[in-house]
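One chain, chain A, appears in both complexes that follow, with chain B as partner in the first and chain C in the second.
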Partner chain A sequence: MLKKSLLLLGFSFGISYYSFSQSLGETISNGELHGNFQLDAQYYNEDSVIGAQAVPEQLLSNGFANFIYTNKNIQAGFRYESYLNPMLGFPTGYKGSGIPYRYVTFTNDQLEVTAGNFYDQFGSGLIFRSYEERGLGYDNVMDGFRVKYKPAKGVYIKGLIGRQRLFFELGPGIVRGLDGEVFLNDILKKWNEKATKITLGASFVSKYQPDQNTQYILPENVASYDLRSNIQYKKVNFNIEYAYKYNDPSADNNFIYKPGEALLAQASYSKKGLGFSISGLRVDNMSYRSDRNQGLTNLLINYIPAFTRQHTYNLLATLYPFATQPLGEIGGQAELIFKIKKKSLFGGKYGTKILLNYSTYYNIDTVGLNDLNTNRLGYKSNYFSLGDEKYWEEINVEISKKFSKKLKGIFTYSNIVFNQDILQGKPGKPMIYANIGVIDITWKVAKKHAVRTELQGLFTHQDHGSWATGLIEYTYSPHWFVAVMDQYNYGASHGEPKVHYYYASFGYIKNANRIQIGYGRQRAGIFCVGGVCRNVPAANGVTISITSSF
Partner chain B sequence: MRTMKILAYTTTALLFLSLFTACEIVKNPYPTQENVITEGIVFDTVTSTPNTTYRSVLIEEFTGHKCTNCPDGAAEIARIDSIYGDTVIPVSLHAGYFALPDPPGSGMYEEDFTTDLGEAFNTQFGVAAYPAGMVSRIQVAGNYVLTKTQWEPAVQQIKNDQPLVAINLTNLYNDSVRSLKVLVDIEWLQTASSSYNLQVYLIEDHIIAWQKNGPVDDPNYDHRHVFRKDLNGIWGTSIPTSAQGDTLHQEFTTNVNAEYKSKNCMVVALIYDVNTYEVIQATEAHIMH
Partner chain C sequence: MKIKKSLTTIAFALLTTFLSAQSNTVPKNIEVKTLDGQSVKTEVFENDGKPIIISFWATWCSPCKRELNAIAEVYEDWVDETGVKLIAISIDDSRNVSKVAPYVNGSGWEYEVYLDPNGDFKRAMNVNNVPHTFLIDGNGNIVWQHNSYTPGDEDELYELVKKLANGEEIK
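Moving on, here comes the complex of A and B:
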């Protein structure tokens, strides 16, 4: 009898296990898997003319592969990264391989929960932004939990806790944050139809790191808050944000106990054929990291936006780009875009697009308190006055014009004032005054065949002197492209050689796959994305880049 | 109804916020300095045994007066101490739940042997069970905190290592004003490449007080090597990394609490690698003859 019961039990268990595994299998196969892959590698030659080094490994590479699985209300994914060894100019801490990013997210009605790694941002990021910028070797992804709740239409509350990525490890500090936003027109009935749209937001972030310092009594919990609002009236948009950070002595600010502050305001107007925007920012002692002893771009909790034009032409983008100064800066930009109508005097047959951009940054106006042996507040700052040191200025004009069905051009002029001492950390170096011109012409030779040329000139008496760049790129759509470029430092003086930085590349694209191979010299420079920068050393060699997605 | 809902959400949000009120505002960044009389008094001078030829092993034991098994740990330390003599330097850190004192007037377990350093170490090294100990803070199978049977093998593992550095202690103490001046002389015996901190402890031996010993509440238990205070911060102070033959002299002063028995007090000085916490050398000396 007993034997029979056991048999029956075993049999029924077998069935239920079978049906469970079958249904699990079915459930899993109902989902979708997507991913992408990127591999960059470079073979390095020594080149004493430009100061490029060879590396003992001869070849260095950075590789990434993302896998994301989605099934109804569940999403899970991971990223495998491999730096064997990190390419020159990237932080050497990345050496090695691993899975620094993995997560599961599920959504249940109004609630979304993420366990594992996540990226997020509160407002403009003044007190919290976790993001990845591969080109910079920047990744401060959080590892912990995030909960997002939408209790009603137009309202959300988000809470998160975790530690930040530091290469293949986690930083020592714990970051906790809360963020909420309310769209007033949704929650207030009588506002539903109003032309004025208002969004209010607030966030709070606190970091914890034990105090192991014997010299100072350090705050182990450092909090910050951020208040923001966005007002839109028809074609006008206005947005203001204020952030405050409590005492946060760190290696960045020489362990002073002064609170940090940031104020940001942006206004814009746009209609067909015309757009205008103006933005300003004041930042005072706002470097915020989950490890007070870190430097460079490691373990930053917040992000200070850069209000300057983002350039892509190489002399403009990588010789003297603006870098944000979280310890103190005041600046902003104004931009006007308009289109001159077709068939007018300046518009021609196809119309002309004109962009004018002006941006400038100064230090903040401070008075030292001479209290480094007592309260260590460091300095006092005058809120609305500029300091006496200019960090940056740019006047930029860009004209885009189509001449005929086959010929179009973009003409750019820029005048840049660049404070090398501050923005590049080169004390004692003179201010750089540069004029830059770019002529970019695309000629559609025939169906599928196009030739694009760039002629760039940077004229300055400071630093390495003037430069010229020429580029020719030929595209055979949709698969092939080939390009040759030479950057010539013809204005080098003081015994520096006048170097040609030649570079040739070709590539093949098919569907979601892309391969590019290049050879030549790369100039030492600074690579910035959104005011966050990395120094790029000079290099000589073969580069290969492969990307693919599925 | 809608207003109620919004009110409820706001309240919830505020409740959440209260969880995050974690923020400390420091008005005075510098730790308060003790006022120690060192001028115009006569000192009793005690020096430590030179350790230029061997590596001393520091045993930091985590214990508590209400921990029933801790006397077994203390007995194991006494046994190891009797075998290895001067090579072994024991320190008892009273920390964690079992070390909490009972309120005054309880009649038992009123003494508070806990210290900020003990609690910080208890947290940092993740002590989960007592008695437990660290042997020169080396890791055995990935753990700093070792059970009592692991202590002696760990001592044997490192006691014959060539020392990287020698520490010489000179304690100058005046018992009537109870001021203590500690002179630490460091000599690098090999060139060292990591970063190092120096820590200076004041410990007290033979404190007679309550201790749970198995089922028994013993009012006359002999507490050995009790950590009392640090002289230079919980994690010590950094010392410059040096080449073989380099020397360094540092001085620390403190007042010795009137309740401590001066004759039983000792200074322990140690140097550890800040990257691994490993104690590379330690020494001890009484504060008076």
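Moving on, here comes the complex of A and C:
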């Protein structure tokens, strides 16, 4: 069977093949083919009120389709992508169509081999993570080989080599990595039944890029390593991770030779009805790319998680989101979630759920070395103190309450301090202090019919002033939805117009197929998903989005 | 010539597979993590021949939490009546992964929860966006799937679970 499956992959490996098409066909049909696709298109109107410019193509579209074929131990797949031309806000480098992702994986109990493209991550990603955020056009997938081997229960070792995707091409640098993890309770007999569970991990990554710089002598190979451990004791979990990167002069750090470091620690405790977590990290000069001259989100090798609450309500999520600062930051967050029991004073008939979140970030404490003409180490940093510039602070409370079988509400309050000079790259702009409130009510009108409303307010004296958002959504389960929204910048001053950003949409869902059509205005701004952000210009027009899995 | 012929065969066979519309199964050899950080393969997803619901969600996804909180209220009855098991797959990455267990326990969910921090299982199951919910029969076949959540969707899902538990076909 295996032989046949391998033969079947002849088209990728160029193995020649003789005439047993019949049985080959049968073998292939024993496998499964499935996939998914998404197509987004927008027809653009000019709209001088919000600053939306005319688009010469009038219509822009992004689309992709994945196909995965699996047959016993073999999995093969590819993704076709097409950007004709990329929609506004997407990196223009995507212009065109192609197959940037294709792979074959063979797996058995101990071994997994992938040839072609793959996504992977070592630990939290501090020195290596290849991943995609489709909605933002972020994709640094590897193209090369990966081998994962499990010599015994509770142990694995992984090796990989490849180049990273840059739109429809590959970056110039080669990335090589090794990663291993041991679960002590599995390999030490004495520990099998212990309540304390310990996992230890280590990884090593190195990139190679030729030095073509005329001004400096640059390291062509840049190595980094990462050590981590996770300890679980009953309901308590603690993990700590340290990463070090050797000197890596780049456009990001102004070609200084200082090594980079990151330290991350997280702890959590939870039992039924109560959960608590706290996390913190310190990052110093940790931008790591497979092309030292790139910027934006291109060819990043590593990933620095943002320890702030990830919001979904429009005004909270999109106006002033935190963005990680790989060159230097120190921060963290604490989150508490608990349930007030049913039939108590504050619990009511159904109980009440409360979530509290606090997060804050500062710069690191540095002293300049004035050595840009000699050693070019750039600066010294003090490990144990904060810098004097606040980047971010948020206090957030969310109360979820069910009033009756038909009525549910979620109430959110947030207070944000936002350093737009650093986080949005607007030098000289003042700190933003904002209070935000959201009332989200779902009313189940009848079986299958529900109406949901959101009322949001963002109150600030800085930047564009205060905003209000109202949304009404009517859903008829499981197929139909229609929604109208208006985001109103009523607090605009300094001669800026008080603009309404209205948007209406409706859609139809059948199983894993979904079609959505919308019309309205989109605000210019920085949009973030999962800590990755991109700048989106203002737009006005009709959008259509189709997704499907099969 | 030979290559051309073989390519045609392969294309034809793929097409046959596609058109024969045999139900797809849940891949067994993808790695996910338990809440205490151990790696396990998806072959551990098992419910003694009774139906399984697999639901992809994230701590930052409101409709996902609405769906799973709505099911949590009736989950005990579902399990008693049909023996169904819900497996919740969190696609939170290292930014939020440490908040998953506190959220799950803090909300009092009784589901089996796994982590898919770099989206390996999500890709293998062709999930575009969350929430995405699958219904699996006793033989591991995917018999139904649904993308997004609106209030009341859980009722449709439960009707299908009951059909499966009674040994009826779902089409």
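Keep in mind that, in the parts below, the second predicted complex is superposed on the first by the 529 of 550 C-alpha atoms of A that agree within 3 Å, B and C clash if a C-alpha of one lies under 4 Å from a C-alpha of the other, contacts with A are read in each partner's own complex, and residues count from 1 in each chain.
Note that a contact is a pair of C-beta atoms (placed from the backbone, for glycine too) under 8 Å apart; a residue touches a chain by one contact, two chains touch by 3 or more.
Quantities reported herein were computed from a predicted structural model and do not represent experimental measurements.
By the document's definition of touching, of the two partners only chain C reaches A:Q75; chain B does not. Once the two complexes are overlaid on the shared chain, A:K271 sits against chain C while remaining clear of chain B. Ranking chain B and chain C by residues of chain A touched puts C first. With both structures placed on the common chain, the touch criterion links A:Q121 to chain C but leaves chain B unconnected.
In the superposed pair of complexes, A:G180 makes contact with chain B only, with no contact to chain C.
When both complexes are overlaid on chain A, the residue A:K342 reaches neither chain B nor chain C.
Residue contacts after overlaying the shared chain place A:Y257 against chain B, while chain C stays out of touching range. Within the superposed three-chain model, A:K380 lies out of touch with both chain B and chain C [touch as defined at top]. Taken together, the chain A residues at the contact with chain C in this complex read 8, 10-11, 16-17, 21, 24-26, 28-29, 31-36, 38, 66, 68-70, 73, 75, 107, 112, 119-121, 123-125, 129, 131-132, 134, 156, 181, 183, 197, 199, 230, 232, 237, 239, 266-277, 279, 303, 305-307, 310-312, 335, 337-339, 353, 355, 400, 442, 444, 447-450, 452, 475-478, 481, 509, 511-514, 530-531, 547, 549-550. Partner chain A is touched in their complex by these residues of chain B: 2, 5-6, 9, 12-13, 16-17, 20-31, 120, 124, 232-237.
Touching chain B in their complex are the following residues of chain A: 151-152, 155, 157, 159, 176-178, 180, 187, 189, 204, 206, 208, 210, 212-223, 246-247, 249, 255, 257, 373-376. Those residues of chain C that touch chain A in the shared complex are 2, 5-7, 9-10, 12-14, 16-18, 20, 22, 24-25, 27, 29, 36-39, 59-62, 66, 69, 93-96, 98-99, 101-108, 117-120, 123-124, 126-129, 132, 144-148, 150-153, 155-156.
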